[in-house]
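The structures come next, written out as structure tokens.
Shared between the two complexes below is chain A, which has chain B as its partner in the first and chain C in the second.
So, the complex of A and B:
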């Protein structure tokens, strides 16, 4: 066989193999959680809180963890969006010298790469300093810090990529800076911003290490910002640590619910992006 | 007898630096009102920079330094009293590659009307129709006004940009090689529109195709390495150039 044709075939095989590894993992993960947890997926899982202590956790459901996850990740994402938008706007060259913004971008990329357990420990330090225990509030702070770099960099890149000609077009119609930013730049940057926000949310809702020390664990639904709370990732961690197979099954069921939530976020993100992308000027 | 023309835009000793690059060197030109003025010259000679200085779009670029005066209707646009958005509204822009706004066809035209205070839905509808007709686009888009502008062809997008530009009732239309990204038929449509526009607007057309300038221009400015070499009525500049450099450029000896 011709050497170049052979080369082509080898590369094609390698590419296909890589794709199979990824697609296979997805199928196996979903299959595994359904297979192992399916029998524990009862209505009670969604409607009742845990009972019987968490190491024994055979009774009740995991409503406290599902709600806990939402109570942690939604406010954290909202906060991260607010702070992130501020930083992302500040990074634009209209406001900041490129040398300064370059340094801030580098810092954000480093923050992005810091493992979430480190955020957890850092927040624990703050908690000790201001004198609060494991709580919803502390968990929200940890997740906010974790999500800020992701959301900010996505917003920043999407705003930065808006072509200058588009802004020139808006300005030459007599738009003010504010009108240009809010009515034109926003529309062009929106799909990227949405993708970033939902990526942040997905990361926040799925992260265990940062909330392990900060949000703590509880059998009940938190009633105030200062109550400890369970979340799906920490629930999985605790259930799976049990020596009883029946409890470990419930860990898989919880994992299944978490996977479904993260998958839905991803689907919503795609749908929203698609809806706004059609207006974007390439 | 040549009657004295009204001057719409006048530059006085205009200098522009990009970083350390000296782009426009003491430019003094006069652009007559309700005429089509073509700015010609080799690429990189500062034509686009000159055009974008007229409505202070250069302010958006980094590391730029401008000195001198630009008088529009006798008023210096660099004066601190000038309301920049208001001044820009007087000058529509057609860029090299069309960049419609990231919204529907309808809203592209309505955007400018809305930000300048026209909100009534019926008035907007009829105004949008009027300006799309002016730009020769109405018949092609009347059934899909609410489609994204990004779905139009490049030639249609350029006419849409023209419609949105004239919708805010400017006095001047600045065109930066508006046909260079278009196919010949779309280019011809834009040229026809420009000829129509010069009855009501002052048109400044930057072009690197000499033939286009010959076809369209009433008045010509020849820029060479950031300096004005020659300016005047198109007949004179093309048929009887005074400067040897202009002569060489028109003959195609330098480019």
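So, the complex of A and C:
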């Protein structure tokens, strides 16, 4: 056999092996989550809060963590969306000089790359400064900061693609820059915007490092913005190595629910993007 | 001024405020971290902190050297594992796989990318840790708890796969088909075409994909924290526990308020993370620009 053909064969085998490794690790992850989480799921997990000391406590469910996660991630995503949309629209040519917007885009990319633990510890400093303890509010702020760069860059990329003719059409009819941005550009860029928002939501709901110090941990459902709260990721982080199997099961169940949430977000994102693409003028 | 003009004015100004806020955020984070780490920099010199290997917060010794080494080793090994596997998978997906398989694999990659890091950590703890403890370590004749540098690196490499693969597949598919056809028509095998045409034409994207993967691995906190062992000593082998910068912050949070200077030392660690991410991003932009000029088509 020719040396070149042999090389081709060798590399093809290596490629198949690599794909096998990648897919295998996914199968292992999903398998572990379903196997451990599925067997720990009971009705009580959804209907009861954890009881009696989070690390050693027995019994109870993870309702406080499920609600805590939603209370943290939904407002954070909404805030990040508002701020992100403003920035993304403002970065376009009509508002900002390309040199300035290039610089802001670079700084957003850097913010995207900053480890979430740095956001966590930064927010902790702010909290100490203004004198609030671990709370829902602080967690929301940390997650908002974490999500802003992701959502903004996604929106920005899809808004950049809006054809200039469409905007000129709106301007020629006498609409202002702001009206064009909000009514024409937003609609045209909607599929990309939705994808970005849901990506940010998925990232926010799954992130533990940024809320570890800011949202804290508690057994109860938070009643005000200033209560500490548990969330699914922090629950997994705190409980996975507990000596009690019953407590560990709470971590597995939390992992299962978290993965289900993240997966449904990605499915919804695909479906919505497809749906709103219908209204986009090609 | 009429109502529409007023709305235009207010809307534009609000957008400006949001933009200024985020542009400032970048500097505010940097300055606050710098300000907070000044306390420790006043008592000890930066070289002393970075090069001393004694980490004893209770005694006021904050040598970061073992932790920096741990970070370099863990990140380095994870990229050594992840880069070849991801590149080969990306080539397979974009060039070799039949359309049907390609359509199936892409959503799976998205799923892998979306799994939260704490779930990666949990799965590594449930699967890799016993594997390393009971199978791999005895094989080399070393006692290990399974919580070690190797476990952390493998976990990180799995987290980096989807990032590098999806960016590479995207850029491989964007290469004009004429380029590949030209290579195939002069008798190159498929792999030769990949090696000499595709890798070169998409070199800038490959570089930026690897840099992104580096950023993810370097800053990952929770998953590493769960499996690395958390001991701030230079690991004597891959099967010994170590510590990384990001993971240190998460572990030390509980105790840091009780020891003076400890908080400041952790701020310095956060500052190092920030600066490294900053440098690599800027480096990425510069390298990308040069690479595009060199390998552009």
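Assume the second predicted complex is superposed on the first by the 239 of 282 C-alpha atoms of A that agree within 3 Å, B and C clash if a C-alpha of one lies under 4 Å from a C-alpha of the other, contacts with A are read in each partner's own complex, and residues count from 1 in each chain.
By definition in this document, a contact is a pair of C-beta atoms (placed from the backbone, for glycine too) under 8 Å apart; a residue touches a chain by one contact, two chains touch by 3 or more.
Note that this is a predicted model, so its numbers are computed, not measured.
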item: Contacts of A:179 with chain B and chain C, given as first, second, both or neither; value: both
item: Partner chain in contact with A:108 - chain B first, chain C second, else both or neither; value: second
item: Chain B versus chain C as contact partner of A:271, first or second or both or neither; value: neither
item: Partner chain in contact with A:166 - chain B first, chain C second, else both or neither; value: first
item: Which of chain B and chain C A:281 touches, first, second, both or neither; value: first
item: First, second, both or neither for A:6, with chain B first and chain C second; value: neither
item: Comparison of chain B and chain C by chain A residues contacted; value: C
item: Partner chain(s) touched by A:33 [first = chain B, second = chain C, both, neither]; value: second
item: Which superposed partner A:90 touches (first chain B, second chain C, both, neither); value: second
item: Overlap of the chain B and chain C footprints on chain A, listed as residue numbers; value: 176, 179
item: Residue ranges of chain A in contact with chain B within the complex; value: 93, 98, 163-176, 179, 183-184, 187-188, 278-282
item: Residue numbers on chain C that touch chain A, as the complex places them; value: 4-5, 7-8, 11-12, 14-19, 21-23, 25-26, 29, 32-33, 36, 84-86, 88-89, 91-93, 96-97, 105, 108-112, 114-123, 125-127, 158, 161, 165, 189-192, 194, 212, 215, 218-222, 226, 246, 249-250, 253, 266-267, 270, 273-274, 277-278, 280-282, 285
item: Complex contacts: residues of chain A adjacent to chain C; value: 4-5, 7-8, 11-12, 14-19, 21-23, 25-26, 28-30, 32-33, 36, 82-83, 86-87, 89-91, 95-96, 103-104, 106-111, 113-118, 120-122, 125-126, 145, 148-149, 152, 176-179, 181-182, 202, 205-209, 212-213, 233, 236-237, 240-241, 251-252, 255, 258-259, 262-263, 265-266
item: Residues of chain B that touch chain A when the two form their complex; value: 52, 55, 57, 60-62, 85-86, 88-89, 91-93, 95, 97, 99-104, 111-112, 115-116, 148-151, 161, 164-165, 168, 174
